[in-house]
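Next come two complexes built around chain A: one with chain B, the other with chain C.
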Partner chain A sequence: MTRKRKLWMRLTMLSLFMLIFVAPVILMFLKSVSFGWSWPDWRPTQFDLRGWRVVFGDPRIFSSLWNTILIAGVVVMLNFIIATPAAYALSRFHFRGKAIIESLLMLPILIPVLAIAMGLHLTMIRLGLTDQVLGVIFIHLLPTLPYAIRVLKSGFDRLKNEWEEQGAVLGANSQTVFWTVMVPLMTPSIRSTAVLVFVISLSQYVLTAIIGGGTVSTLPMIYYPFFTSADEAVIASFSVLFALLPIMFLILFEITLRVYLRVIKRP
Partner chain B sequence: MLIKVEKLTKSYAGQTVFSDLNLEMTKGEIMSLVGPSGCGKTTFLRCIAGLSFSTSGSIYVNDVNITNSKADERPVVLMFQQPLLFPHLTILENVTYGLKYGKNKSKKQERIERGLAILEKVELAALSGRYPNQLSGGQQQRVALARALILNPDLLLLDEPFSSLDPSLRSSIRSWVRDFLKKEGVTALFVTHDREEAMMMGDRIAVMKEGIFQQIGSPKDVYQQPKSPQVAEMFSEGLVMEGFFLSPDHLTLRPKTSLKAADTEAFDATVEYKILKYGHTFYHVYVHALEQRVVVLSNHEFLDGEQVELCYKRISLQTYNKNHPVDEGKSSKKLSR
Partner chain C sequence: MKKIIPMIGLATAFLYGCNSSAEEEQHEDLMDADWDEVISQAEGTEVSIYMWGGDDGVNRYIDDYVAPALEEDYDVTLNRIPMDAPDFLSKLMTEKQADQETGTADILWINGENFRNAKNNDLLYGDFAFKLPNMDEYIGDEPAFVHTDMGTEIEGHQVPWGNVQFAFQYNADMVEEPPTTIDELIQWSIDNPGQFTYPNVTDFTGNGFLRHILYDVADDPAALETFNEEWLDENGQEIWDRLNAFEDSLWRDGQTYPESLSQLDQLYANGELAFTMGFNEHRADSLIEDGVFPPSTETVVLEPGSVSNTHYLSIPFNSPEPAGAMVAINFMISADAQINKLDPSMWGEGTVLDVSRLTDEQQEEMEAYIGPPVVEQEEILAELDSKYHDWIIENWEREVVQQ
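And now, the complex of A and B:
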């Protein structure tokens, strides 16, 4: 009785998951390779790679793909470099003004990022950071860092202090303990942070446009204008390309993590 | 002296946890540390291990002052209440962690050999490839012990290592651990709540209460000759009076009607219940005058609820400070109140 019910529960969950997450991607993919698929046909009648040809026919596509991946990758790395010590300090230490700092960190989420970016724009012009990749990377930290710090902080909150103490007592210095105990135990938080930051950076349009000034072209910069066109196949192709990036990033990240753990683990 | 703690004091924000603690231990000695909850036992161990720093005082290991060394630089390993095995590492990898990442790194081949050897000793070599969550609680504690002992620490600190185990496992593992520590000649400081465990594990017992060591001595001394009413209340099973103590081995029960011998005094008491243990009958009696309960062995038959007399020889009354029999005049004066 209960086993049967469990099975049903699982089946329901699985079909819901398929319906919500997998079906749109498949649909999108079908759409990108079909020609004139519309109501009331229940399946595409003609296949055609025109959508993909348009996407890869754009002369800017490879440079903007590269830009997008480069920017998102560096933004992920910078996020870890900055957010890890910040999150650790916020989680482990009590100091005056901690509450203020924590709410300040939430500001970029609460206030429209656009407003802050406008303010920063002038400063960045003066520093000569506009119209180049470095400036775009810098401005992408704005909408990502608060999330990274949040996620990593709650990860550290969940990890008892005793793990570090156990490492120390066994003679490992704090740096070693961090790399061999904390990082492995934090993998769920690290994974979420990486994917979240990557996706946020990937989908920035306005910030990239303001700071990049049109010189730095990323995938959204050539993707959004196509929305005004009515060509569904092209839009679908772009969307699939877009959806593939985080998935590939996740796979790459997972492999790196596995290799890292393998190295750490040798007896 | 292998271990020497001098005038160790610890306070948190003005609140003193313990003050002026002195302790000396010789090599291979096992010391039990007992005390009521919150008296600072864990804090004391953490200070010795270097996980928190003492406010004042010094700690020497092999005549080296380690008071200000960091935890990872001290030749001391602390075992926590939980085994805290690293979940991402196998048993063998856990055990060799200190050899790989500690201060005296050894070669890979040697690490594996030593790891397997110590796992052999804790009788877990067959499980070396498993992960911690595939082990029982007792097995996990044994792995934690192996992980500590592989480092040959000068001092092993154990903070209630068995308290998360069920009673039967607990009693089997603690005698195993004691034999093991003795065989390997490990110097250990062992914190427990349990009086029986303290007597069983320790060559000596340190009783901590209200931020000081009330008494340090052999189990027999502490049990029979407590140095303060606090120690008596906590560790002995006798009668605790203001200024005097009656060791349980000097107490006898008899029916209320009988006559008094000249050198004998008696308290009125009520039998609450009896239990059979080790082939004898033990009576739990309540002493009205002292509002205390005590357990007495007797060959007489008494009924539950029966009024009895709890007798003792005047000569067996002892003071806390001098630990010798009290002269009669003084004792009877005090008790006649």
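And now, the complex of A and C:
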């Protein structure tokens, strides 16, 4: 009885999962290759690649894709460089004003971007960083860093101090402890930080538009205007392409992580 | 460190200061230069046009026709930057505040209240329209849209690029006897509940629908020629009564309205609604061709007529290549460019040119693209002052949605 129930439970969960996460993607893909598909037809009646032709017919599509990946990739790296020490300090040390600093670091995601967009733009103009990739990378740190610090901090919180001490007792210096003890134990947090940051950077429109000034073209820059049209085939094609990027990134990142772990485990 | 920051500030302020006087001089020079000189200055420049990028046909018209032609004829490279008008205007506004005298945009696609905002905030280059030879040659001084844009004096700050008429599209499979007047449309909606609605009035098209109701309530269109508060006080109630009379029969019982024209279009495309609407009387052609709208889509103009709307091209105050921008705009209002814009397989929208100034051959070419006019000359209604646009937004929510 319980076994049967368990099986049913699993099946329900699985179909629910498929319905929520997989079905929309399939639907989106079908929409992108169909012609004039609408109610009451339950399936596309005619196939047509026009949506994809529009996507790849845009003269800036390849440079935009490259820009998007470059910016998101650099933003992920910078996030690790900046967020790791911050998260470590917040997790391991106790000092005065810690609560205030912690909430200050969370502020960027609590204040709506539109409210501060003009001030940001003004500052970036003064710094001479507008209308170029560097400025866009810089500004993407704003909505990503709070999450990265948060995720990495809870990773450090879960990791007991003893692991580091054990390494130290066995004669490893702090560098070795970090790279061979902490990083392997932190892989779940590292993985979620990377993917989260990548996806957030990928979907920035307002900040990229203002700071990049249109001269820095990313995928959302050519993709979002189509949301104000009724052309569902084009919207669907862009959406499928957009969904592929994080998946590809996740695969690439996973491979790198595996290779790293294998290398440091070698005696 | 503390000392360095103000020093950098001073240095940049000084640099900006130098820059702006040099820019001003350049501005004067260009305004005084004759056209041949402008053309030679434009040679080899790269010009960026900032425009809404959500329509494949419009994008292709720029990428596949205008840009190559400019490159070949004038050695001007045109980059299309997709961005919504409010976004690039707020960008310019901040650049103005920061005294950034060399921006990134050279040409802007704007009209109506966006133009009013841009002009009132000195975001535009200046009175350049009649510097362009094609302005004199093909458009002239007579049309009203050369002088005012929804009640704002243009004063040469922008050049008309396209003219569109408001029209309704309906699905002939769902509407047996299409209405011919606004009254009949309202009656049809009451008889067929749930199959008609209009976008929220904050959307340009939804607002356009209400402007037609205004015209319908007015006995004489002349009453609306300029912003007439007295008339609104007198007749405002009738407008709201009209809308409330059939609100219950709208889509979802009028509890909610589509946020934008694209939502309305999607509902129409999916067969949920029998009607959609929009500026550009030819817009259904390419949408049917692309399989977005059902093939049974027909376009109709309802009495009292169709509001026409003009959209424009302008140059921002901090354009890095104003000469290139002028050459590009001049080309875009040439006979060739305007005739090609009529091609329904690309953009397919009305011209701003005075047809009588074209050769017979050019007129024939034009007719071949658009066929007989969808909107008769006597059906055309003038676009209202943009203050009406604001008045509608201010009152609609309270008078219709919350009733």
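Going forward, the second predicted complex is superposed on the first by the 265 of 267 C-alpha atoms of A that agree within 3 Å, B and C clash if a C-alpha of one lies under 4 Å from a C-alpha of the other, contacts with A are read in each partner's own complex, and residues count from 1 in each chain.
Here is the rule we use: a contact is a pair of C-beta atoms (placed from the backbone, for glycine too) under 8 Å apart; a residue touches a chain by one contact, two chains touch by 3 or more.
Not measured: the values here are computed from a predicted model.
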Worksheet item: Between chain B and chain C, positioned on chain A by superposition, is the outcome a clash or a fit?
Response: fit
Practice prompt. Give one of first, second, both or neither to describe whether A:F62 is in contact with chain B, with chain C, with both, or with none.
Written response: neither
Worksheet item: Mind checking the angle chain B, chain A, chain C on Cα centres after superposing, to the nearest 10 degrees?
Response: 160
Discussion item. Just to be sure I read the superposition right, which of the two partners does A:R266 touch: chain B = first, chain C = second, or both, or neither?
Written reply: first
Worksheet entry | Superposed model, chain A: greater residue contact from chain B or chain C | C
Discussion item. Applying the document's definition of touch, where does A:W8 land relative to chain B and chain C: first, second, both, or neither?
Written reply: neither
Item to complete: Kindly classify A:F17 by the partners it touches after superposition: chain B alone (first), chain C alone (second), both, or neither?
Response: neither
Fill in: Touching partner for A:F47 - first (chain B), second (chain C), both, neither
neither
Practice prompt. Working from the superposed arrangement, determine the closest approach of chain B to chain C, counting only CA atoms, in whole Å.
Written response: 36
Fill in: chain B partner contacts - residues on chain A that touch it in the complex
162-163, 165-174, 176-177, 180-181, 184-185, 261, 264-267
Worksheet item: For chain A, which residues are in contact with chain C within the complex?
Response: 35-36, 38-40, 46, 48, 50, 54, 57-59, 117-118, 121-122, 125-126, 128, 130-131, 206, 209-210, 213-215, 217, 221-222, 225-234
Fill in: chain A-facing residues of chain B, complex
49-51, 70-73, 76-78, 80, 82, 84, 86-90, 92-93, 96-98, 100-104, 108, 111-112, 115, 147-148, 151
Discussion item. For a test of understanding, state which residues of chain C touch chain A in their complex under the given definition.
Written reply: 9, 12, 48, 50, 52-56, 59-60, 63, 81-84, 87-88, 90-91, 93-95, 97-98, 100, 103-105, 260-262, 265-266, 268-272, 287, 290-295
